[in-house]
Structures are given as C-alpha cells and as structure tokens.
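Just so it is clear, A, B, C and D label the chains in written order, and each chain counts residues from 1 on its own.
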Amino acid sequence: MNLETKIGKITLRNPLILASGVLGSSYSSLNRIYNSGFGAVITKSIGIDERKGNPNPSVFFLHEIKSAINSVGLANPGYKLYREELKILIEKEVPTIVSIFGGNIDEFSEVLEGLDDLPFLCFELNLSCPNTEKEGLAVGTDPQLVYEITKEMQKRTSKPIWVKLTPNITDIFEIAEAAIKGGASALVAINTLKAMIIDIYSKKPILGFKRGGLSGAAIKPIGIRFVYDLFERFGETIPIVGVGGINSGYDVIEYLLAGASAVEVGTAIGIKYPENKTNLFIQQIKKYMHEQKVESISELIGGAHND
Amino acid sequence: MTKYFHNSKPEMCKIIKIMEENEDTRTFSIKLPFTPKKPKPGQFVMLWVPGIDEFPIGVAGIKDQILELCVAKVGEGTKALFELEQGDLVGIRGFFGKAFRIKKSITHIIVGGGYGMPPLKYLIEEIIKGRTEQDEIFVFEGARTKEKLLYVELLEKWKKEKKIDFFPFTDDGSYGKKGFPTEGVKEYLNKDNEKSVVIYSAGPEKMMKILFDICKNYNHIIDIQMSLADRHMRCGFGLCGACVVDPEGLRICVDGPVFSREQLEKMDDFGNYSRLPSGKKEEI
Amino acid sequence: MNLETKIGKITLRNPLILASGVLGSSYSSLNRIYNSGFGAVITKSIGIDERKGNPNPSVFFLHEIKSAINSVGLANPGYKLYREELKILIEKEVPTIVSIFGGNIDEFSEVLEGLDDLPFLCFELNLSCPNTEKEGLAVGTDPQLVYEITKEMQKRTSKPIWVKLTPNITDIFEIAEAAIKGGASALVAINTLKAMIIDIYSKKPILGFKRGGLSGAAIKPIGIRFVYDLFERFGETIPIVGVGGINSGYDVIEYLLAGASAVEVGTAIGIKYPENKTNLFIQQIKKYMHEQKVESISELIGGAHND
Amino acid sequence: MTKYFHNSKPEMCKIIKIMEENEDTRTFSIKLPFTPKKPKPGQFVMLWVPGIDEFPIGVAGIKDQILELCVAKVGEGTKALFELEQGDLVGIRGFFGKAFRIKKSITHIIVGGGYGMPPLKYLIEEIIKGRTEQDEIFVFEGARTKEKLLYVELLEKWKKEKKIDFFPFTDDGSYGKKGFPTEGVKEYLNKDNEKSVVIYSAGPEKMMKILFDICKNYNHIIDIQMSLADRHMRCGFGLCGACVVDPEGLRICVDGPVFSREQLEKMDDFGNYSRLPSGKKEEI
C-alpha cells in the first residue's frame, strides 16, 4: 500500500497538507506538523508588509457544530521577514507551500518575486480570504482578475501555482476556468464561508472584525460539493486539492472520492495533541485502503463519479 | 455530574465583585453559569470585554461558581476591563492550557512577580490544601516597589500561620529585601541542598530565564515548572499558531503555559524572543 | 411583554414562522405547527404541475453537526390541488404564507394567479432552491430576473411579496436590491447551502439527486451574517426575515439582533415532539426579554448594530 | 454502555445472509457496526440500496449485531435490493418510530398480512419472552394464497409448542381457512368476551380499517394498536412531512407507525387516503 499522491508534478508522501493560516506563522510549528506525518505544509498567507491582523476575539470554536470561526485577517510579518522562517523549513527539508496574497498584480508580484529564489514546493494564491477589505474575496470573485493574476504569477515563476477558491460565490466554474486559463497547476477548494456570531447579552458581534470565516465540520458537505463539481467539470484538465472540515482519515477518503488529489486540513489539527490526530488520520486511511483492497491513492481520486 | 466548559464561544458571565489589589491591578470575581470541572493553577481563560478585546488571563482562584481573575492594566483591552463595573458582563472561554503539576512531600519553591502572582497564589492555596508533613513552601516575590507587590497581606498572613515561608523583594527596597527574588532563591539553594526541590515560577520571562539558568545547576531540584505569559494569543486552543515558541513548535496555549525543565531547555525563544500579532519575531 | 412582531403590514403573534418545505405538504401538519404556538406557517413551495421530487435518499440528518441535508426538490401536487389544503388552513384561521416557484415570469404568474383569490397572508417567492435544475438558483442568482419576477408578481396581487434569497451567491446585495426595486415587501434569508455527502464504502453520493442543501445548526453563523449585512444595507428600506439553523429561542434573539423582524424555523422542528420545542422557544424568548427588560420584539430588531 | 444509532447519515452494513421467505419476499440478515440499544417491534429503519433508492422497512428481529429485515419485492427499490448478494453493503438509518406497547397478563390478538407480518413476528417473539400465565396469544394471518403466507412454518411450530394459537386465512382457501383474517377475529371476539384483549395489527391498511371498525365495538378490547405502512417516506424522523396523515397532522415516521385506538379514531385518512411523493392525496 502506498500513500503517495501526485498533484501535477508535485509528489507528496501522503495526501495530508496543513491548510494555510493554521499554525503557519512560525517555521517551528510548520515543522512540527510535518514531522507528525503530514505530506506537506502551507504557510500562513504572506503579503508585502507586516500586518497585525484583526483585533481579538479573532478565533473561537463552536462546540455544537465542531467548527471554528475566525477573523484573523491576513496577519503576517511581510515576505521580507517571513523569508527567515522559510529558509529554516527548507534547511529542514519540510515540503512547504507558500500561500501569498495581494490586492492586485503588482502586490502579488512583489511577494512572489521576493520569495521565489527559495526552493520550496510551490505557491498557493489566496484569492479567497473573507477577512480583509481589499484582498481576498474582492479579488477572488472577479474572473478577469483571477485570470490575470494567475497568468502573471505563472509567468514570473517556474514553480507550480495553486489557486485557492472561495465558496462565497455564485459560480465557481467561472473562477476555476479563469484560473485554469491563467495557467494554474491546481485548484484548491474551499476557503472559509462568511459567517458571524452575535452575543445576545452584550448585543455585539463577538469577533473583533464582526464578520469571520466558518471552518471545520460544518463546512465539509459544502467543500465536498465544490470538489465534486470541479472534478466533474475539470477533472481531466487540472488536479484539485480538497479543503474544508476534514476531521478523520475517512473524511480524507471522501474528498479523494469527490475528486481531490490531496487535501488540506485546518481546524481539526488545532487541538492539544496534533501528533495523535495525524496518526489516527493515517491509520484510518490505511485501514480503509486495506479493507477496500486499494493499493494507491490514485485509485481513489474521483471514485464517486463512476456511474 | 461534573459539568465542563466546552471550548466554544464566550460564555457570558457577570462580574459580581471588583477588588483593588494595587494602583493598576484588580481582582474580578466572576459568576459562571454553573459549577464547572475545577480548573487547575496555571490554567487560563480567554476574557472578552464585549466590543473591545479578548485576552488570556490566568485563573487566580475558584470557589464553586465564582471565578477569580486578577488583572493588571497594561493596554487597551485591560483598560476597557477596568472601566466595567459590578453587574457588567464579560465573556469567558476556557479553561485552557496545562497546569502546574503539584509534587508531593517536597520543598516547593515558588517564584513570581507581576501578573505571574495570581496563578501562583492559587497554586500555593492548592499546595497548602494537599500538604503533608514533608511539604515545605517557600515563596519568593519580586516587584519594583512596595505598591506593586501583590498579595502581600495574604502571604504575610500565611507566613504568620506557618503555612509558608515568604520572601518579598523590591527593586528599591521599599518592602522586603532590596534586589531580585532570583537572588533570594540562589541564596536558599546554596544554603540548603539536602531536600528535593521543585521550582514553580510565573512572571516576567526575563526573570524566569535568569531563574532557570540558576536552577538548572542544582541536582536536588527535581523539576522546574515555569508559566510563560509574555505572548500574544488569539484562539487559546492551539489552532491559530499565534503563541508558538521556537524551535519545537510548542504552543503556549495548549502545550503550556506551564512548561517543564526538559521543554524549557530546548526552547531557544524562552527569555529571548516572542512574536507580535503579525507573527514578527521580537526580542523580549 | 409582547411577542407580536410586524413584517411590513403583516402582524404575527410572535416571530416564529415555519420554514417552507418542512411539514408543509399537508394542511394538517401546518395546522399542527401553528397550534403548537408558531406565529405563522409557510407552505411547501408550490408550482404549476404535480411533481414527485427527487428520488430517495432525499433527506437525512447529520448528527455530528446537528444539521440536515435534503434534495427533496420541489415535490408538490401543483397549485390546483394545493388549493384544497389552503382552503382548510384559511377556514381554520391559520396565518399562512404561500411559497411559490417557477422557471420564469409566466410560470410564477400562473401559480400566483391560481391561488391569489384565497385570503392567506402573503406570497414567498422561492428564488433559491438548490435542488432543481431550472428553477430556484438559476432564477435567484440573476438580478434582472429577480427584479422582473418580483415586479410582475407584485403587480398581479395586492398581497405582500416576500423574496427568499439564496446564500449560494457572491453578492447578496445585488439580488436584494433587485427584489426591493421590484417591490418586495420583505427579504427572507437564507435558503440552504449547496452540499453533498459521499459514502466512502459504496463510493456514491448518498442523496438520490447527488447534491442537496445543507440546513440546521451548521448554517446559523452563515445566516446571521447574511441578515446582519442585509440589515446594515437595507434595514431602513425593507424588513428582513431570518432563516437558517435556528434551534432555540436564543437563536431567534440572535437573528432579531442581527436585523430580522421575524424568523423561519425548519430543521429544528423535525423531531418527535415539535410542540415541546415550540414551547421551549417561546419560554426562552420570554425569559430573555424578561431578564433584559425588553417589552417588545421591535426593541430587539437590529440591536447588534448599535455602535 | 448502551450504544445508540444516532439519527444521521446511513450506516453502511454488510448483508450476511439472505433467506427466501416466498417468491417475492426475502429476509436479509444485516450486520450492524455494533450492538445497539435494542429496537422494539414496530420500529423501522430507512434502508438504502446505494445509488438506487431508500425506503422504510420494519425491524423483523435483532440478535446482538444482527438485524433481520424481511422485504417484499414491490417496486424499483426493493427490486434492486433483491439483486444484492451476501457480502454487499446497504445503508441503515434508524431506528425510527413508535413501537407496539406490549401489555401484560392479557389476551393478545395479533392480526396481519403481507409485509405487516415481519414486525408482528418480532412482536410475537417479544410477547412470548415476557409472557406470564395470564397471557394468551392469538395470531390471525391472511394472504391471497398459501405461497404468500409468511412465517407459516414458524407460527405452526409455535402453535405446536403451545406458545401461541395460530389461524391462517387465504383468499383461495389453499391454506387455513378460506376468507379474511378479520372474519376470524370477529368470530373469536363474539365467542369469548371475558378476558381483556389487546389488538395488534400490521398489514394492508384496508384490512386494518375493517378490523378497526369491527373491534371498536367490543368493550373488552382495552387497546387497539395498528402499524401504518402504506405511506411514502423521505426523512424518517419527522422533518419533511411526506408521511403526514390528516387531520391531526400525525407523522407515520415519528408519531407512528404504531397508533393507538384514540389516534386512529380521529384519523380520517386511515384506510382511506395516502399521499403520493408529490403530496397529492390519493385514495388507498
């Protein structure tokens, strides 16, 4: 049995990738999660300048629906400083994907070019953060912009470009098509869903930024649907990376069957013992593959589309 | 049946009492919606001042439904908290983090300062409760001046009752000895090195780092437990990564805030670097 | 203390409205839910011809996230037969809202005109069903169509027209504006989120229609965000009815504070003893109002926007 | 610890045995993932044939992890089920619905036909298990012909063992008495009206309606419990409204399928109308 998976030209030891924004500000936590057994890790989304992000409360859990809501925004130290974290990750041979964001082509370019000399795996363009005014959704819901940014970035680097899509959208195909036309090497779906919680006693939205993004178990059926649709339409054309609410090895399988070549895990890893969770994921994937007599991950990809 | 606080959205609780500890430190007694599984010394909550800010505060004590939080006014969030009055609501998430592990039949050396003192006060209470004949408790507290020393009355009372021994230090000598509590600890360790000792500390990280460097050389110190708090937090439950320390990727909020000697030894950031909300590394 | 609420010209004894599609095919279950204490009930969405809906499985619960997924589609007996149910409801003086759907103006018109002689409260235009090919989303995501349908329906009846919006959309404001311009009397948000669950052992989407709509606790933070945004933008102009994941009286309050003048409850009422649930909702609302010294529902509407 | 089947997505289970009951009826033994809180006679599951259909099927028996479902082939969904083999997977949601309430020290009159028999078989087993000296069990089964009678061997065996009395009826007289089981019940009730009687019935609604109209006139019948199954279902847990009966708005799936005399008395639809998947009302 072999857990290796290919996303275009990239081969990972298994399909688990740490999602951007989760434990992704320090080389040390990224390294820790990789060492727990992940196939790769993605950095917190990085931009040009240092940003402190949105005020607290900016992340909390919703016990009832096993989900989290966050409005961290794009807190990051800027690419110049973040280079230092990357260097250590590369030295430690951690397969690293760098998530970058910007408000326009120039901003994306500066970040990309400022990091591209380092030999990490690839870039993930965050075109889908719901927690900022200018970047993220404003960019990621405009097919023309998505096309242009993807194309320009693709010209500027020899590394693969993954495009992370927003679920807060009417027509995902339009955006996906733009990304593909622009030369994306993989589509990543989904980012968080725009959401809000109001405290009825203080009569205030709880998040400091008021609005936030919903992640975790609540969004898994939504993520599965996006991945299934994308695979049905573009499965022959481009690999898909599934994200959203994965909390077990079986959820990983569900995303693979929907059409993902690999998955990203965020909220589920934010617990006391991430190492145990990773082990459990891997065990469950192996158990399933053993029981179902599946030899390799590739046999599973898109497996729910056969009929 | 034990009830738990689940890790979920802030639980809204009423402030039922506010006590002035000193010029810029107050103890807030907060009524929880029920009697929860008891938090342990070293654990903390995320305290939400509605509409303003949320920040980590250590548990300073708990009795049934009444949670005690002792807060120093340092910035915007804590300032807003100080503007609240009895009857106002705050949000509580928790209880988070690893607690101090109380060893038995041992000499307990407790070293603190600043807002490290509230969890230590709770720790001392718990050690006293469970103490045996063999347990000895030495408390070293430091502060800039007399006014800044926390819980002096209480600690002096416990000293009088022979429950603990208490050694206050001030930078200016306005109370207790002049100098740093770390010096007092060193002196003690040099004097008496027969009995097994556990060091518990909470306070400014620089102070703890000095203490750690002193203590690691003594063989009769069987454990060093230090609570790190000079870190920005967001989630409190290990998801966001705001509170990570290098190079092991430990998170103050769930792997700590109380760390063991082995963990601290490998923690290059300890006493040296913290991270700003942006993730930028900064010298402490 | 008074639980009455006004949505435009319509006054209800309390803000609880049974959501469309839940226990809404028979006069008898609608009557039962009204008698349990609701303020009003909404029928299953009604179209021109009899439709058997999508094959089973078409509804199941997701225990882990206290939610449901459904692909009932627009199963309904057609307006000609449904008149019989309505007549009984009217005779029993149940405040009834009739949900209608269609693929274009003509279809909407036929249904509306075929029922308009009966004296029920108002129409709700279902422009947001994710579970059919032609109707629903295809209509509800096109601002021009939303505008035209709303306007034409508004011309044809003297009853208020509520427009139910989809959350599967990039820009809710565009659609809301179209509805307002078309003469809608209230905006209803939200319908279900497009979703899917795959069984990893049979490797098949579980729903007979494959894709479905997610409802219940998982979508509450998403619904709250929509209502909050709509109120912020249009609160002065038009009343909003909140729907999505309401499962307690406190959730009702949260929607009111976000900006809803009334709420619809669906998934939460699909249990063994709906009567008990209704009682609990009412008790919780009263308890809150008592504790917070709130005399009337109107004091709460939009209460989370004060700062 | 009792484990529950939660109301959630289908639990995938293996068919471990298939038994032919008659030409178009089979008993499927299905292995559950664990031993659940035991379902009661009258309760049902939603049975998913992956990729094809899902429909309600009553529990015909359970032993630890092995669930017994007895299914008649009537349409597309059940036909697809009949194409499955041992080792294949089906999805199970449940257990749903109100069960028969077994009264004690009483005469139990059990009347059934068609796919009403599986839950009644399970009911009889349970009554036998808990019976006292005072309990008497009379079973009336009807079918078109001998071949269509279900569980004849088992019931005849129980009869021989004096566990029950058994009265089979066929339309064509090919087994037991010629005629309808309702006639047999009437005869019995006229003959012996001393002991308190409870009527339990499941089968074609028309048959049950006739039975109900007969039984409601006897004072020594202290309860009538009938399981309604001639209804289309979707959710199985009371949400969708597909299975509602007028005029009280009762749902077969959670308020039933077993209803009491009081409920049946007010149920205009009973024996008269059901609803198509569209919601259209149709004469039965």
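Criterion: a residue touches a chain if its C-beta (ideal position, glycine included) is under 8 Å from a C-beta of that chain, and two chains touch if they have at least 3 such contacts.
Just so it is clear, the structure is predicted and the values come from calculations on it, not from any experiment.
Fewest steps needed to get from subunit A to subunit C, stepping only to touching chains, is 1. If you average the Cα atoms of subunit C and of subunit D, the two centres end up 36 Å apart.
If you average the Cα atoms of subunit B and of subunit D, the two centres end up 65 Å apart. The mean-CA centres of subunit A and subunit D are about 51 angstrom from one another, to the nearest whole unit.
Subunit C has residues 62, 64, 197, 201, 204, 307 in contact with two or more other chains.
Touching two or more other chains at once are residues 51 of subunit D.
A linear topology is adopted by the chain contact network, the touching chains following one after another without closure. Per the contact rule defined earlier, chains pair up in contact as A-B, A-C, C-D. The part of subunit A that touches subunit C in the complex is made up of residues 62, 64-67, 69, 141, 168-171, 193-198, 200-201, 203-205, 210-211, 214, 217-219, 221-222, 224-225, 228-229, 250, 253-254, 257-258, 288, 292, 303-304, 306-307. Listing the residues of subunit D that touch subunit C in their complex gives 6-10, 12, 46, 48, 50-51, 53-55, 77, 89, 91, 93, 234-235, 237-242, 244-251, 254-255, 275-281. Interface residues of subunit A, counted against subunit B in their complex, comprise 21-33, 44, 50-53, 55-64, 68, 70, 72, 75-78, 81-82, 84, 197, 199, 201-202, 204, 206, 208, 266-267, 269-272, 274.
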